[in-house]
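Both complexes shown next keep chain A, but they swap its partner, so chain B is in the first and chain C is in the second.
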Partner chain A sequence: MEEKGRIGIPKTLMFYRYFPLWKVFFEELGWRVIVSDGLGKRGKLVYFEDSCLPMKLLVTHSIDLKEKVDHLFVPRLVSLHRSYIMCPKFRGAPDIVHLAMEGTVSILDETIDLRVREYSMLRSFLKTGKQLGADEKEGKRAFQKAERFFFNFQKGWEDRINELPLKQVFHLETPALPKSEEKPFRVAFIGHPYNLFDTDVNKDILSFAKSLGMRIITPDALSEKEIDAQVSDLSKEIYWSSGREIVGSLFHFLSGGVDGVVFLTSFKCGIDALLQEFIRRRLKLKGGTSIPLLLLSLDEHSGREGLTTRLEAFRDVMEERKTKE
Partner chain B sequence: MKVTFPHLGTMHIFCKAIAETSGIPYIVPPETSRRTLTLGVQHSNECICLPFKMILGNFIEALQMGADTIVMVGSGPPCRLGLYDLVQKVILEDMGLHYRWLTIPPRLTWQAIWKNYEETRELKKELSWKNILLFPYGLRMGWKKMMACEALEKLAMKVRPREVQKGETQKQLKKALSGVDEARTLRTLNDALQRGTTLLQETEQDFSRAPLKIAIVGELYTVMDPHINRGVEQKLGELGAEVTRTSWFSTHILRSLRKNKADQHSERIRFFEASKAYLGYDVGAECNLSIGEAIVRSQEGYDGVVHLMPFACMPETTASGILTRVGKDWDIPILTLILDEQEIEGRIQTLLEAFVEMLQWKRKAA
Partner chain C sequence: MYLGIDVGSITTKMVVINEGDEILAEVYLRNNGRPLEAIQHGLESISSRLDGKTSIDGAATTGSARHLAAYLVGADLVKNEITAHSIAVIDLFPDAKTIFEIGGQDSKVIVLRTGVVVDFAMNTVCAAGTGSFLDQQAARLGISIEEFGRLALKAKQPVRVAGRCTVFAETDMIHKQQIGHSVEDIIGGLCDSLVKNYLNNVCRGKEILSPIVFQGGVAANQGIRKALEKELETDLIIPEHFGLMGAMGAAKLVRRAKPVRTQFKGFELSRKSCSTRGFECGECGNQCEVIELLIDREVVACWGDLCEKYRKSSGPITG
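Coming up: the complex of A and B.
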C-alpha cells in the first residue's frame, strides 16, 4: 500500500500504554507513524504552562514533530475506564497543544471517554479514521487488528521491560527476549505509566534497577479484581483510574509477594500528591509493613546521581532484610 | 455533640446561624491564622492544594477546642476537592483526634442520600425533635444571612475604590457583617442588613473618580476567602479599582442544586460558551469559566483580570496556560497569582500595585 502521509505521536503521557494500538491502527489505514525523539541529555523543555513534567513534555514533543508530519495525534483522554476518569489536565491537553502549535499543524483530538458509549475507543477511532479519509469498514478492520495486537503485546509486557533496554520497549518490531537469568530481587515499580517508562522523566532508573539485580514488576501485572480488593473498603471511591491503580497495587504488593516497592511520582502531580499522603497515613494506621517502600519524586531538575544513590541504598535495605530471614 | 465547619469567606456567619437557630451545639474554628496554616502544612504533602491545608488546619484547631462532629461540603470529580474528606479523615485519625464526619453531598443522587443516611444515623440519636423541627427554619435563616453577607460584600466592592479615607470601607464592612452575625431572628436580620447598607453607603466617597474595572476569576476557594488570597479583593479596591467576581456561595449552591436563577444561569453559560474558542471540553471546576469570563470581561470593557489559583491546582493550571494566550488575543492584561503557604503578602501587594499602575497607563494611552 502506498503511504498516505505521516502522523506524529508525541512520546509522552498515555503513549506509554497505548502506543502499540495507535501505531497498528494508523499503519493499517496506510499512514506512516512518526514518534518524537526523546529529550535526551541536552534537550530543551518548552515551558508553555506550569504543569507537571509529563505535560510539559507533551508540548515539547509536539513542537519537535510539527514540521515532520501532516497530522498530530493528541486524543482527548477523558476516561480510559468504564467508571473512572483521567486527571483533568488530560481534558485540556489537546487545546494546550493547539495553542502552542499556533495552528500550524492539524491535530487529531477525538474524545475518548469509556464511560459514555458514544465516545468508546472504537467509535472515537472510527471518527479519527473518517478524518483521515477511511470509511467505517476500513476503520473497524484496522481497529480490530490493532486491538488484537495490543492485547498480545501486553501479554509479553513483563518480560519485555525486564529483558529489553527501556529505550527499545516500544520498538514494536523488536521481539521480547525469553526470560534470561533469575534475579535476586522482585521489586514492584508503581506510578503512572508515563512516569515509569519515560526515560526523560525517570532518568532511565529502571535500567539501573535491572543492573542492580532487580526484576521489575509493574501494576499492569495485576488484574482489576486484585486492585479493587484493596480499595473497595475506602470511605469514598477514588475516582481517578490511575489513582486507584496506584493505591490498589501499592497495598497489594506491600502485603507480600515482592521484596520491595518503589513509587515514582512527578512533582506537581495533583493525584499523586494527595494519594501519597493517604498511602503514608493509612499504612501507618494499619500497623506498617515489613516490605521496604521507596518514594521517588521526579522533575526536570532531578539528576540521575541522586536517584541511583537512593536506589542502591534501597537495594542494601532489601538485602539486609533477606539475610535476616 | 459539637458541630464544626471550615472557614471560607463569610461562611462561618451563616453556618453558625443554621446551627444556632436549630439549637445544635457548635464550635466556630478560630479565625484562620498563621498557626492554622502551619498545622495544615505540617500534616499534609507539599503539592496538595492550599485550600486542603487551610481546611485541615481549621479542623485540627476546632477538634482541639472540643468539637466532635465535622460538617464538610462534598464535591465530585474531577478536581481533588472531591477526595478531601477521604484523605483528611485518615490524617485526623492518624493524629489521634476523634471526630465524626458528615459530608453534604454536592448533587442529590440516591447514592449520596444513602451515604448521608448512614452517616447521620448515629447523629440522629443525639438530636432532639426540637432540633429536627427547627432545622428547616435554621436553613432559611442561614440562607437569608448568606444573602445579606453577599449583598454587603458586593456593596463594599463598589464603595471601596471611591472611599476618601483609605481602609474606611473595610472597617464599616466589618461592623455591618458583625451586625448580621449577631441578628437572631429574621426581623432583626433585616434591620441589621438595612443598618449595614447605610453604614457602607454613608462612607465618605469621592464620586468624581472613575475607578478601573477589574474582574477576579479563578478557583473558588482562592477567590472567595480573603485569608487564602491575602485580601486581594480589598487590596485592589483600596488601590482604586472596582472589583467584580462571579464566585459567590449562592451561585455555587444554586448551581449544585441545579436551580439557577435565570440571570446567574445565563451568565455562567455565557462564560462557558465563550471559553469554547479555546477549550474543546469541560475541564472541570472553574477552569472553563475562568477563561470564558476573561474573554467576556474584555468585551465588556473591563481594564484587567486577576486570575487566582492555588499552587498545583489541577484544572486551573490548564486555565493559566490558556489565559496567557487569551490576554494577547483579546488585548486584556491578566495577572495570574499562584498562592501557597509562603508568606507572600508583601509580594502580592507589590504585584497588585504594579498591575494597577500598568492598567492606568494603558487607560491613559487609549
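Coming up: the complex of A and C.
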C-alpha cells in the first residue's frame, strides 16, 4: 500500500502502554509511524512553567518530531477505566503540545473517556481515522486488528521486559528472546508506566535490577479483578486510574508471590505524593509488611548512584530474608 | 588480615581487622574533594601503623565512591553502605532495632529485627541535616565543628529554625542572629530542627524502636545526639568507632567471603601516580561519560560506559 504520510508519536506518557495498539492502527490505515528518540544522557529537556517531568518530556519529544511528520498523535486521555479518571494533566496534554508547537503541526487529539459511550476507545479511533480520510469500515477493521495485536503483545509482556534490553521493549518487530536462566528474585516494580519504562526518567533502573538477579513483574500482569480486590474496601475511593492501579497492585503483591516490591515515584507528581502517604498509613493499619518494600523517588536531577545503592541494599534485604526462611 | 575502605563524600575511612574482628589499624581523613589522593594517603598511614608486617588477605570497599575505590585498590568485594553499616552493628549490638547513620552528604535509617535488616531509607533530594551543612554553618560562625556540638549543649533557650531546607535554615539563622539571639541558642535551635527534619523525612513511616545505634561522622556532634535523644525520649547507643562502622562492615564482609587470592594491589599504591581522566563517547545517543583510571600512566580500569565497550578490565565483584 502506498504510504499516505507520517504520524508522529511522542515516546512519553501512555505510549508506554498503548503504543502497540496505536502503531498497528495507523499502519493499517496506510500511515507510517515515527516515534521520537529518547533524550539520551545529554538530552536537552524543554522547560515550561512549573510542570512535572513527564509533561516536560511530552513537549520535548513533540518538538523533536514536529519537522518529521504530518500529524502528531496526542490523544486527550480523560479516562482509561470505566469509573476512574486520569490525572488532569492528561486532559490538557494536547493543548500543552499545541501551545508549544505554536500551531505549526497538526495534532490528532481525539478524546478518550471510557466512562462515556460516545468517547470509547473504538469511537475515538474511528474519529481519528476519519480525520485521516478512512471511512468507518476501514477504521473499524484497523482498530480490531490493532486491538488483537495489543492483547497478544500484553500476553508476552513479562518475557519482553525481562529478556530484552529496556530500550527494545517497544520495538515491536523484535521478538522476545527465549527465557534465560531462573533469576533468584521475583520483584514487582510498581508505578506509572511512563516512569517504569522510560529510561530517561528512571536511569534504566530496571536493567540494573535485572543485572542484580531480579525477575521483574509489573502491574500489567494483573487482571482488573486482582487489582480491584485490594481497593474495594477503601473508605474513600481513589479516583485516579493510575492511583487505583498502583495501590491495588502494590497491596496485591505485598500479600505474596514475590520476594520484594519496589514503588517508583516521581518527585513532582501530586498523585504519587498522596499515594505514598496513603500507602504508609494503610501499611501501618495492617501492621507493616513481611515482604520487603522499597520506595524510590525519581526526579530529573538525581544521579543513578542513589538509585543503584538503594537497589543493591534492597537485594541484600531480600537475600537475608530468603536465607532465613 | 582484612582491609575495609569506606569512601564517603566528605571523608575516607579505613580499618584493618584480624580474624577475630579486632581493629589493628584505622584511618579517618577528609577527602578535600580528591578521593583518589585520600585513598592513597589512607593506605600510606595504615601501612605505617602496621609497621610493615602486613599481608592483606582481602579488601572490600563501600561508600559512595566504592566503585572508584575498588578499581583503584583492587577490591575483592564491593558493598553498598547500607549493608556494610548494618553488618558492623549486628555483630556488636545483636539486639539493636534501629540504626541512625548521618554522614557528610547522606543520612540513612536502617530498621533491624532479630539481627536482620528489614527496611531502610536514605535521604533523597535534600542534604539538610547532614554533616556538610553543619560544617558549613560552623565555618560561617567561625568555630570548629567540635566546638559546635559543645556550644549546642550550652543553649538555654534554643531558637526555632526552619530545618526543612538548608537554604531556609541559613536565612533563618542569620535573621535570629541579627535580632540578638546568642550563638549557643541558635546552634541549639539548629540541632533541634535538623533532627526534626531527619526524623520527619528520612525516618517517615519507619517503625523506630529502641535500642537505637547512632553512627556516622555526625554522631560525634553532641548537640545532634542530645537533640535526637530529647525528641525520641530515649538514650542512643554510640559505638566506640562510630565513624568507622562502614569500613568495619566492609572488612567483616570480606573476612567472611574469604577470597582465595586477594586482588588487593598492595600498600605500594600510595607511592604510585594515580589519576583519572574522562571523555565522552560519541558512538550513540547515550553519550556516556567514560572514566579511565591510570596508575603510573597506564590505564588499569575503565567504567561509565553503559554498553561496557571500554570496560576491558575484569573489574571487581559487584554487589
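Keep this in mind: the second predicted complex is superposed on the first by the 324 of 325 C-alpha atoms of A that agree within 3 Å, B and C clash if a C-alpha of one lies under 4 Å from a C-alpha of the other, contacts with A are read in each partner's own complex, and residues count from 1 in each chain.
Quick note on the criterion: contacts are C-beta pairs under 8 Å (C-beta built on N, C-alpha and C of every residue); 3 or more make two chains touch, one makes a residue touch a chain.
This is a predicted model, so every value here is computed, not measured.
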Are chain B and chain C a fit on chain A, or do they clash, once the structures share the same frame? fit
Applying the touch criterion given at the start, work out whether A:267 contacts chain B, chain C, both or neither, answering first, second, both or neither. both
By residue count, is chain A touched more by chain B or by chain C? B
Touching A:239 in the superposition: chain B (first), chain C (second), both, neither? first
Taking the superposition as given, does A:94 touch the first partner, chain B, the second, chain C, both, or neither? first
Pick one for A:204: touches chain B only (first), chain C only (second), both, or neither. second
So after the superposition, what angle do chain B and chain C open up at chain A's Cα centre, nearest 10 degrees? 80
Which partner does A:153 contact after superposing on A: first (chain B), second (chain C), both, neither? neither
Touched partner set for A:306, first chain B, second chain C, both or neither: second
Using the superposition on chain A described above, determine whether A:288 touches chain B (first), chain C (second), both, or neither. second
Once both structures are overlaid on their shared chain, how near does any Cα of chain B get to a Cα of chain C? Whole angstrom is fine. 6
Residues of chain A that sit at the chain B interface in one complex and at the chain C interface in the other, please. 267, 284
Can you list the residues on chain B that touch chain A in the complex? 44-49, 52, 76-80, 82-83, 85-87, 89-91, 93-94, 278-285, 287, 312-315, 317-318, 320-322, 325, 338
Enumerate the contact residues on chain A facing chain B in the complex. 48-51, 76, 78, 85-89, 91-92, 94-96, 99, 109, 111, 234-236, 238-240, 267-278, 281-282, 284-285
Name, in rising order, each residue of chain C that touches chain A in their complex. 64, 79-83, 116-122, 124-125, 204-205, 207, 285-289, 306, 319
Quick one: in the complex, what on chain A touches chain C? 37-38, 40-42, 204, 212, 267, 280, 283-284, 288, 292-293, 295, 297, 299, 301-302, 305-306, 309-310, 312-313, 315-317, 320-321, 324
